[in-house]
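Shared between the two complexes below is chain A, which pairs with chain B and chain C, respectively.
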Partner chain A sequence: MPDIAFLALSGLVIVSAIFALEAKELIYGAVGLAFSLIGVAGLFILLGAEYLAMFQISVYVGAVVVLILFTIMLVRRESGRIVEEEEPGRLGRAGILVAGLIALAVSGAIVLLVPISPEAPEFYGVPLPELGRDLASSYAVPLVILGLVIGATVVGGLTLAKVEREKKPNGTTQ
Partner chain B sequence: MQGLPALQEILNLALRIITSRTFLEIVFFPGFLNVMLSAAFLVWLERKVIARIQLRIGPLYAGLSGILQPIADGVKLMFKEMILPELADAKLLMLCALGLMMLAFAPAAAIPFGEGLVIANMDVGLVYVFAVMSLFPSVILLIGWGSNSKYSFLGGLRSLFQQVAYEIPMWLSVLGIVMLTGTLNLTKIVEAQQRLWFVVPQVLGFAVFFTVALAELERTPFDLPEAETELVMGWMTELSGVPFMLGFLAMYTKLYVMSALITTLFLGGWSGPGFLPQPVWVVLKTFIVASVVFVIRGTFPRVRVDILLRTGWTRLLVLAFANIFVTVALMSIGLGSVWRI
Partner chain C sequence: MEPLSSYIILSAALLGIGIYGLVSKRNAIRLLFSVELIVNAANINFVAFARYSNPPMLAGWNIVFFSIAAAAMEATVGLALILVAFRLNGTIDVRKLNRLRG
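Right, the complex of A and B next:
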């Protein structure tokens, strides 16, 4: 039964990822990406990491995809315009060939070296209270540094986004 | 001859699935039928409550005091022609209307309607409900964009703005409950409230969450995405017939689920005097919460966009943090054990 779910979810992830890349309309691409990320969340649930899966949905699908959609809508006003496809040149064809060969080599090596379906380990995932305790005790310093980095990013983003407003003679901003 | 035993087996399996407890729960009580009928009932209740506020009578003829009016409206909408703008994206609109309905139903799976009466007793129930809620803005934005109409698009954008901005106070306002109970499981959160409902120690969190719920539901005073005087019907302007019915019902379903969530988190869920069964208490409290939302719609004006955003960032966020500090104070003087399970 988990095998069927795994296959279905993997299929969903791969097909919608391809759809996201190949869609002529950027909006459809974003929708495909959303489905792909939901599929990844499903895979997390199969692995017993429900908490991670819920945050995958809420952060990646709920926030990142919304951001992408929003950007597309603000940047591209005209809808229905089809992106012209460029024929890949000689270098492009060579690149595709090399990439394909590398992918084949890597997947072949994985298939040969690693058993395809490893035995499920006895216990996967850390219970949430334990994870929280670990984060707040053993990993307190990395956590604080992460928070600082995110805070600095937000401040930097706000600085970049701030538009200088001309001051009118009577002191009101426009 | 070979095919018959296999057929028998499949029939047996189907029978076992249909009569299994989970299936019955999904289809009938805490699941589909309950949510659907309650959403229809809420449509009627809203019309009646607002009619009473405005000294009107409201729906009257269909059934007892018009209680069948929402069902009649639904049947009417099903037979109506679907009119779409010429350049609208019909496939995307249908997909999004269906998706909205599914998203509105999905959180009901984690909400307990009685001791052990819950479709999926998840350890991450609270995060699951919020994760599903966070998918609404993108679908609504897609409906607004796919309609190819300025009213719809502006409505969708406003909905996105306010739902994304109010998501942060929403997560923070329930943090106090999670700290007190030490769990994200909604069933356990209700069990922890048997002695005292969380509305008492978490009164700030309750106020913040209720306000945020109004904004997430696009209800007065935060009904900017659907401002009738400016945007006709917001992101639903170009929907008609069945897609409109789906969108409309999805919003009432979301109202029902959100009220049930408030009941679960703050109002003790199924706990109540024993003369009524537990599910009745949950549904009753949910309807009372929804009626408060309706009374607010009948009595409050609409806020402006800048006030909405300023309230979110400078008032609700600060109050949510204050609630966390109050919770920490409560726990440090040893009162936390009242709700610890």
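Right, the complex of A and C next:
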């Protein structure tokens, strides 16, 4: 019998993901994305990975979605209005077809190839000390590389987004 | 506890939604939304498989840890690129950003 929490969370994830892509205003779309990511964090909690859920919320909802909101505001303020939103109907239908086919194929393959779903083993949360030891020993090099890449990303983002001083008043740099 | 296949089907649905957005949307920021959805579909799979293997594998959680950090960086660079493209072209409609087309 399906778990009510799982059903609610997956409904939240799917519905707000669709809303993120289909909302008329891009700002509302970003909020929909935030709710979808929160739903994924809830799924992580259901799967026993509480610390991943916290990480997901703080990084995705706290950083990425806020960054997206700032970008939307910057783009909108400079242009006075946001681009689009009339979708090419043919493309939209083709997209639905392709996406539906892929999702059907993947789910069908799973259902056919894995007829008996394995039972989840007994499990009482992630052992955080063991996880920390793992991160500090066998994942030490990836962790350091991750820090370096984050630094490079910050420098690169700042360099890309830097405004040249000699730009014309209408906002173009050409 | 849910069977493993329900998580995988949910992840496939999220992947489908993301691919639909990538194919049919014209706003660069919405393409970024789609990429984030696809990354999250992959993360759900990682965590679900890690939870259902016997005994539960810590490696799955650690990979998702790195994946979330990488996705945040990808969003940062993508948004900076979108800002630059907007400043240079006055639009973030990817159908109109075709200056490099031969």
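The definition used in the following text is that the second predicted complex is superposed on the first by the 127 of 174 C-alpha atoms of A that agree within 3 Å, B and C clash if a C-alpha of one lies under 4 Å from a C-alpha of the other, contacts with A are read in each partner's own complex, and residues count from 1 in each chain.
Just so we're on the same page, a contact is a pair of C-beta atoms (placed from the backbone, for glycine too) under 8 Å apart; a residue touches a chain by one contact, two chains touch by 3 or more.
Nothing here was measured: the structure is a model prediction, and the numbers come from that model.
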item: Touching partner for A:Tyr139 - first (chain B), second (chain C), both, neither; value: second
item: Partner chain in contact with A:Met54 - chain B first, chain C second, else both or neither; value: first
item: Chain B versus chain C as contact partner of A:Ala63, first or second or both or neither; value: both
item: Which of chain B and chain C A:Ala34 touches, first, second, both or neither; value: first
item: Contacts of A:Thr153 with chain B and chain C, given as first, second, both or neither; value: second
item: Residues of chain A touched, compared between chain B and chain C (which is higher); value: C
item: Residues of chain A that lie at the interface with chain B and also at the interface with chain C; value: 55, 63, 79
item: Chain A residues within the chain C interface of the complex; value: 2-3, 6, 10, 13-14, 17-18, 20-21, 26, 29-30, 33, 36-37, 40, 43-44, 46-49, 52, 55-56, 59-60, 63-64, 67-68, 71-72, 74-75, 78-79, 82-85, 87-88, 91-92, 94-96, 98-100, 102-103, 106-107, 110-111, 114, 117-121, 123, 126, 130-131, 134-135, 139, 142, 146, 149-150, 153-154, 156-158, 160-161, 163, 171-174
item: Touching residues (chain side chain C, partner chain A) in the complex; value: 1-10, 12-27, 29-30, 32-34, 36-37, 40, 43-44, 47-48, 50-56, 58, 61-62, 64-66, 68-73, 75-77, 79-84, 86-88, 90-93
item: In the complex, chain A residues that touch chain B; value: 27-28, 31, 34, 50-51, 54-55, 57-58, 61-63, 65-66, 69-70, 73, 79-80, 128-129
item: Complex contact set, residues of chain B against chain A; value: 87, 92, 122-124, 127-128, 130-132, 134-135, 137-138, 141-142, 145, 148, 153, 160, 164, 167, 182, 184
